[in-house]
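For reference, the structure is listed below as structure tokens.
Lettered A, B and C in written order, each chain numbered from 1.
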Amino acid sequence: MGGRIATSCVGAAGDGMIGGSDGRFVLGRRELALGAATLSLAGARTALAGGTGKFVTANNNSYDTLDPHVVFDIGRIASRLNLYDALVRWTDDPPKLNMWLAEKVDISPDALSYTFTLKDAKFHDGSPVTADDVVYSIERILALKKGAYGLFSSVVNPGTTKAIDAKTVRFTLTKPYAVFMAVLPEMWVVNSKMVRAHEKGGDWGGGWLASHEAGSGSFRLAHYDPAVGFSANRFADHFAGWGPKYLDQVEFLGILEVASRVLGLEKGEFDALDGYTPYDQIRRMRGKPNVQILAKPSLRTMYFIIHNRRPPLDDVNMRRALCYAFDYDGFINNLLDGSVARNAGIIPDPMWGAPKDLQGYTYDLDKAKAALAKVKGSLRTLTINALGGYPQSGQAAELLQSGLAKIGVTATILSQPWPVVDAKLGNEKLSADLIPLWRSAYFADPDNWTGYIYNSKQIGRGNSSFFSNARFDELTDKALVLVKQEDRQPLYEEASRILVDQAAGLFIYNTNYYGAFDKRVRGVRYCPIGDAQDMRWQWLA
Amino acid sequence: MRLLGLIARRLIWVPLTLLGLVVLVFMVSHVVPSDPARILAGENATTAQLVALRHEYGFDRPLPVQLLRYIVAVIHGNMGISLYTETPVAGEIWRRLPATMELAFYSMLVAVGLGVPLGVAAALNRNSWFDHVLRVVTVSGLAIAAFWLAILLQLLFSMWLGVTPVQGRISDFGPSGVTGFYTIDAALSGDWSMEIDVLRHLALPVATLSFPAMATIVRFTRAGVIGTLGSFFVDYQRAMGIPRRVTVWRYVLRSALTGTLTQIGLVFGNLLAGAVVVEAVFDWPGLGQFAVNSILQSDYNAILGFTIYVGVMFVAVNLLIDIGQVVLDPRGR
Amino acid sequence: MSLLGRIARDRVALAGLIVIAAIALAAIFAGQLATFPQDVDTYHTAQRLLPPSAVHWFGTNQMGGDIYSRLLFGARITLVTAVIAVAVSVLIGVPMGLVAGYWSGFLGDLLMRISDIFLAVPQIVLAIAIAATLGPQIQNVILALSLTYWPFWARLVYAETRNAKSEIYIEAAIALGASPWRVMVLHILPAIAPSIIIRTSIGLGGTILTASALGFLGLGPPPPSPEWGRMIADARAFLPGAWWYAAAPGIAILILVMAFNLLGDGLRDVLDPRLRRHGSPKGASFD
């Protein structure tokens, strides 16, 4: 997509070469033959006065915890991305998976065994990153059962991950899992000695790690106040080294009011905003002298989670009636000024696996009423749980409420902060009937939008819609086991059609990323996974 | 003697009042059935984990038992674990207290420092144009919604004129200091640019909070001074030939201050109430913001802790005021 | 001279009364006076955030709804909430205060201690806790406000009743064998009525402020309800561009509350000139 991209990247994202003074950064490929791809830099470089100061981001979510294993969302990703590392890492757009803490990986022919060789990396306290730390980290995720647990729970059993030696670690999966490498970036490696030292009563150090960090990431925690945000200083000894210019300090502030964030950027108090800035404000900022807008196609679809198990929403006709009662056009073209694209299904149309000619729902009150007439159970007032602090979520809720009123269904709106809604998501009793939110790309695979959130095995974890369809399960299970994209693609396309036909959710649009930055910002390497909050590439002119 | 009697009576009733408050808030927060264990455990918890968690926190006990356990814990200063951040509530409140106290302190300072002289001046120049203008201003000050005034000031001074920051208490993270009052800590560490930054951030929230407080104080001071001026005692003084100025400074002012002291308890309560919405508008990391967040998150322990803290503070302030009154005016009213 | 006549002579009170009456009438006839009455719950997304114009006198909000029309319907919510909350508080608190003040002693002390518990925190703090627990609905707001306001009345009436009891004509009535209820209702109540009436007016103003603060915090009636506090909260996301959206409901609150305050002040001058000189007794709510 065009638009004014006024950034100058440190390196082009296309072929993966960074034009820098030394070092090459070779990006890996997404197929499983990752053994050949390495990430290396020519030793540790002493940067010559490359520091360009402090970078402040105003984020729409507050950072209520720093523990990387208990949250799994985009709103709070900055702490994980910048304070911690994982075995592999996503960068750039279209997203590429790179070796990161791992030098290489050997995958067994049966695709059940992944053996990683680690690089020489250090934690912030100087101790080396060892295989034991990796084992501890995966065991911690599996024990705490929060955050990205659902990504690993179906294939990694506790106790099966082994440290072969100090630099070699082996994962043994219970069944083939096509997205294992793709989801590994969310398995953040923590300093096991440090965390163990603060364990209390079997909490795996959770009480301590919520407000401290034990990572190896590009930045080292300096200050943390859950009421304000966190700041971190550059970790000069980071294994991936640094380019000729970098940031000395990064700061992330949780500021819930959008006007405050926008004004702060305009006045120079902030250098960047989060990726959820309403388009109204983006448009207003476009002409401002010290603001640059980065516009990129993204992989984030907006939709309503529908509680598929709670009557009358367990009736497909009721769900279809909902889908015909939403004013897609008014929302996309009027409220959002045409800045996003209608996406009839859940997989973003630019992503492979999205069916090309999908006929979605339109705003048609007659069809809505017809579907409603077929509903067998009794109707009741529906609850829509909008996300506070995300104005679009509230607007979508009000629009749906209005449409439903026109077909005789009442709905009440309850607005709550994202962490509160998130805490209720897996709970069949507590979760609301309808929740307007986004499905971002956590890993660049169609499973991110299909199997992970609609397969019945993920109910209570990723499947917050409590959707259950035998054919859908069959398709998505099989697609995870297969290896080649051309084999998996038709499965995902059919699965996507099922979701639309069964109205498993109310799918609205695929967004573009609109990043608002200070004019001085350079080197932004936008990646749909992480929303440009990965600070190691950026610098200030 | 009267003072001792006052203190003795209070020492009996204050703990009982606070106990009643704890019971009241406990009852309120348990009216709606919910499952705090679920929120604590996260969405993937097994049933066994939930049962264990309920037992650990005592959620599985009958309510009266939970209440008793809570009262005992509060007496020891332990207000339980926040259901949301999983850290002790008391610690969280303690950490945020200085932010709100600094805000309340300066607002009170401005309100009294400006309000008393203005009120006296208005009373001494009764029915002058100054008095009338002041009346209009104070009547508006009492009718304006604090959150709206905050938004207006923010719009005018931060957004349009750009002379004050939009939100927060300081541009980065605060000075590491002793008192928790950024104005004092920054000065103590000699960082004057930080001091200016702190004062700039204080400007609008203090202006918002102090405006209604000042309106109340102006009105009461004015009424008090007018009343005293018209009293028999002052007439007697005049008859005795004591010059007006002396009368004013020695007696009128004193009675005006006594009257104001009475109202400070009320004003302080309104300040705390206003702080809740003002902190929300300015993203001020204090108790008010904590209260609003806790309520949004259905964090019952945090709500209870906050309410009790505010109760303790409020009661303590009122006790100090009562003592102050007795000291200032032993004759009584 | 009738009460109304005396009020009419006091310009301050008269001004307040006229404004209140005007807003009340506007609220009652909102359906007729609104230019876009359907905008209470329907949206015209193409007309969002328009500045004030001849068509939309106060502009439109983010969903295209006419702000002026929504303000009128919001006045209904504001007035109904305040009137019911204050009425309930008065109906609970006044009798309690009367009884406690008349039969001072253990019963009186107990009732006052109970009100002390409610008064141990500022009203809005307790109201927030109650409203948040029960959920964002208008009934819960009214309940929260009533539960936190009755103690003021109990305390006030308690103090005034005790004062009144020492008046000679009350003592005479008791000595003549009048029953306690007779004394309370026929003698004491009329004596303290001016105080109650004055504070009711001012209390309505204060309740409107507290109720809109609850709405601002999201504890009031949920969308698409045009409650004034919620409108201001919604408007924040669109500042500084759509400043009219935040200004209009705030000005409405200001005018209405000021009217109640002025009426109260005027009533104070009219009904009880004594109060003008001495200010209020300690412990009673000023405003």
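Throughout what follows, a contact is a pair of C-beta atoms (placed from the backbone, for glycine too) under 8 Å apart; a residue touches a chain by one contact, two chains touch by 3 or more.
As the structure is a computational prediction, the values presented were derived from the model and not from experiment.
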Geometric centre: closest chain by C-alpha means: B
Selected pair, greater C-beta contact count between A-B and B-C: B-C
Whole-Å gap between the CA centroids of chain A and chain C: 48
Inter-centroid spacing, chain C versus chain B (mean Cα positions, whole Å): 22
Intercentroid distance (Cα basis), chain B paired with chain A, Å: 41
Shared interface positions of chain C, touching two or more other chains: 218, 236, 239-240
Numbers and ranges of chain A residues touching at least 2 other chains: 257, 259, 263, 388
Overlap residues in chain B, where contacts from two or more other chains coincide: 159, 281, 296, 298
Complex interface listing, chain C residues touching chain A: 41-43, 45-46, 48-49, 62-64, 136, 218, 222-224, 234, 236-241
Parts of chain A lying in touch with chain C, wherever the complex brings them together: 257-259, 263, 278, 280, 284, 327, 330-331, 334-335, 388, 391, 394-395, 397-399, 401-402, 405, 412-415
Touching residues (chain side chain C, partner chain B) in the complex: 113-114, 116-118, 120-126, 128-130, 132-135, 205, 209, 212-213, 216-219, 229, 232, 235-236, 239-240, 243, 246-247, 249-250, 253-254, 257-258, 260-262, 265, 276-279, 282, 285-287
Touch list for chain A against partner chain B, complex: 64-65, 70, 144-146, 149-150, 153, 206-207, 210-211, 223, 225-228, 231, 251, 253, 255-257, 259-260, 263-264, 267, 269, 388, 416-417, 419-420, 423-427, 429-430, 460-461
Residues on chain B engaged by chain C in the complex (per definition of touch): 13, 16-18, 20-21, 24-25, 28-29, 31-32, 139-140, 142-148, 151-152, 154-155, 159-160, 216, 220, 223-224, 226-227, 230, 259, 262-263, 266, 269-270, 272-273, 276-277, 280-281, 291-292, 295-296, 298, 303, 306-307, 310-311, 314-315, 333
